[in-house]
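Note sheet for the following structure.
Each chain carries a letter (A, B, C, D, E and F) given by its place in the written order, and its residues are counted from 1.
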C-alpha cells in the first residue's frame, strides 16, 4: 500500500555553473541560467509504503507525515532562494532532480521513525515537467 | 499495458474505534472522528493490466469496465454513509486505505471475467491525500 | 480590481424537509436526501473588490483575508455536519445556494473591517456543480 | 462575447519598500519580503470582448492574440526577476495587483489594433490566490 | 445567484470557408482548416441566474438542468462531426464562438421552462482557449 | 530517477474494422465508430529513466526531449486525422493503446540518442480514460 501527501512551496532558483562562461551557461541551461533569478510554484508529492495498521486503518498518520514534511522540507524551501538559502542544497546544482534527491535524504530517516518506508519523491516544477526519485536501492 | 478508468463518489464517513474513549479517538483520528460525520468527494482510479487484443486494439472495453465499477462499487458508495450503509465496509475502519482494499476485493473477480487483471486501486480523499493499493501479491 | 482567496472544507450534509414524506424528499432532492448523510470536499472562492492601496500594492492583505475566512467560516464548517453543527445554517436547507448566502452574511462585515468590499462567494460542491452569489444589492 | 487566452510565465519577485525597515517589510509583506527573492509559476488569462466577425466566426484571431501577449508581456516576464528586469514594472511594487494593471496597459493598445477590446486581465499567483483587473473605466 | 452545470463532449470539426481557396483557408484558420478534420474534448459550462426557491433551497434543480443540457445539446454534439452532423450548426462556421451562440439558442427556452434564466454559455476548446457568451441583451 | 515531459495534441479519429458490419462496429466500438469522425484533446506524458549527470544536474535536457517529442510525434498528430494522415498509425486501429505503442516506437531510438532510456508513454484520451505503456521488455 502506498500513501501520498502533497505539499507546495514557492522558491527562486538559478541553474548555472561557476566554471562555465555566461555563454556556456546560457547554452546548457537556457533561460534558467538568468543571473537575476526566476522562480516556481513547486508541487511536492511524498509517497510512503507500508502495511495497514489494523488498529488505526492507516499506513501512516497523515498529520504526522505532513508535520515532518513541513519541518524538514517546506519551511526550509518555501519563499526562499534555493541556491543561496537552503542548507541541504548547498554546493549542488538547483535542478529539480537534485532537489528531489536532497528531499529524499531529508525525509528518509524521519519517515522511518514513523514506522513506514519512503517510496518516492515526485516534484512538479511546472505542469509540464516533473521528476520522480525512488532512492538508491531502486537501481 | 495499463489502462485506467476514473470514477467519482461522494460519501460521509467517520474514523473512530468503539473501544477508544472520545479523547483517544480525537487524539488518533483528529477532526475525522467527528461523531456527526463529515464527507468527501472521492476520486477513484481503477487500473487494469493486460495485452492489447489485436482484433479491437483494446486491453479491455472501457464501457464494460466502467459498468462493472459502477455496479460493484459506485452505486454502493455514492451518496452513502460508508460506516453505516456499505455492505463491503461493515466491521472495518472507514480509512481510505481500507476502502481501497475493499474496492480491490470487489473488483478483482469481475475484472478477471473481462479477461484482464486488476493492477491497482487509487483513491483521492482530497487533492492532497491519496492511497494506492496493488493487491496482496505485490508484497 | 477583484482579488480572490480559495479555501476548502469537507463536510457532511443532507437535503430534506421535515414536512415532506420520505418519498417526496427522494423525488425532490434525489440521492442527496439520504437520511444517513453524505458529504463533499467543498471549494470556496471569496472575491473582494477594491482599489489598490498605493503604499502596499494590495487591494487587501491576503493573509488577513485568509485569517478572517478561517475564523468565520472554515473552522465552523470543516469536518462538520452542516445540518446539525453549523450555527449559521440552523433552520436552513443545506443547499449549496443557502451555504453561499450564509457565508456571504458571515463575511460581509469582517471584510469591510479590512477596508474592502465583498464581491462574490463561489462554492464548488463537485467539479461539475457550483454556485456564485453576489449579495442582495446585485438584484 | 468574451474570448480568453491563457499564457504562463515563471518569475522571481520580492515585495518590499525601501522606505520601510526590514521589520516593517516583514510585518506587512511576510515571507514575500525575503531579500533573496522567491518565485512563482504565474497563470495569465487575457479576456477580450467583441462581436463575432461573420466572415471568420471569430471575435479575434487567437493566434494573433497569443502572439501579441507573448511579444508585449510573456517574453518580458518569463524567467525574469520582476523587480529588477521588467521595464513596465520599474518603480512599482511587484504585487500581483500591480502586475495585472501593468499588463493591462501593455495590451490595451495592441488588442485594439486587432479590432477587439480588452475586457480583463486575470493572474493566478498560486492556485489559491488570484486577481482580476477590468481597467479604469470599470470604476 | 448564479448556478452552473459542467458537461463535456468530444467532437470533430474543421474551420474553413468554401468560398476561400485552400491557401486562404490555411492562412486564416491555420491548422484548424485541415480537410481531414481534427477534434477536441470540449468542456461546456451552462450558467443560469435566478432567485433561491425558499421551499427547496435551489435556484434550479440541477438534475433537470443536466437532463435538458444532455437532451438539447450533448447528445447532438458528443462523438459527432460538428460540420456534418449537428442540426443546429448547419450553414455556420464551426468556431467555438458560433457553437456557444448556437448552444445558447438551444437552451434559452428549455431553461425558461424550468423557471430560471440562462446567464452564460462558456466553452473550453482547449485548456488555453475559451469563450463566454451572455446572449444578445448583454450588448 | 524518472523525468517526465507533458505535451498535447488535438486530433480526429474513428474506431472501426473494415471487416465488421456497421452494426458490429457500433456494438464493439460504440459512439467511437462514428463514420464522420470525432476527436479529442490528447495529453501525452513521456517518461524517461536515467542517472543524474553530475555536471548538469539533469537526467536529460528537457528542451532536447521536448524537441524530439515535437519532431517525431506531435507535428505528425496535432490537428490531424489519426486514421488517414499519420504515417506511424497506418494499418492500425486508432485506439489509445495502439497510439501509445506507436509513440513508444517513434521515441525509443531518439531518446537513446540523448543518453537516456524511455520508461513509459502515458496518454489521456479524456480526463476519465488513460493508458500507460512500458515497452515490450516489461512483460
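Please note the rule applied: contacts are C-beta pairs under 8 Å (C-beta built on N, C-alpha and C of every residue); 3 or more make two chains touch, one makes a residue touch a chain.
Every value quoted in this text rests on a predicted model; they were computed, and no experiment measured them.
Peer 1: Identify the chains in contact with chain D as well as chain E, in label order.
Peer 2: Looking at chain E and chain D together, the chains touching each of them are C.
Peer 1: What's the overlap between the neighbours of chain A and those of chain D?
Peer 2: For chain A paired with chain D, there are no chains in contact with each.
Peer 1: Would you kindly state whether over half or under half of the residue numbers at the chain B/chain F interface are used by both copies, giving same or different?
Peer 2: Different, since most residue numbers here occur in only one copy.
Peer 1: Going through A-D, E-F or D-E one by one, find the pair whose contacts repeat those of C-E for over half of the pairs by residue number.
Peer 2: D-E
Peer 1: Centre to centre, by mean C-alpha position, how many angstrom separate chain B and chain E?
Peer 2: 34
Peer 1: Cα centroid separation between chain B and chain C, in whole Å?
Peer 2: Going by mean C-alpha positions, chain B sits 29 Å from chain C.
Peer 1: Residue numbers in chain C touching 2 or more other chains?
Peer 2: Counting only residues that touch two or more other chains, chain C contributes 127.
Peer 1: Once the touch criterion is applied, which pairs of chains come out as touching?
Peer 2: Those chain pairs satisfying the definition are A-B, A-D, A-F, B-C, B-F, C-D, C-E, D-E, E-F.
Peer 1: Any idea which chain B residues touch chain A in the complex?
Peer 2: Against chain A, chain B makes touches at 15, 17, 28-30, 92-98, 100-101, 127-134, 139.
Peer 1: Could you please specify the touching residues of chain E with respect to chain F in the complex?
Peer 2: Going through chain E, the ones touching chain F are 8, 10-13, 31-32, 34, 36-41, 78-81, 84-85, 126-127.
Peer 1: Which positions of chain E touch chain C when the two form their complex?
Peer 2: Going through chain E, the ones touching chain C are 1-7, 51-52, 55-59, 61-63.
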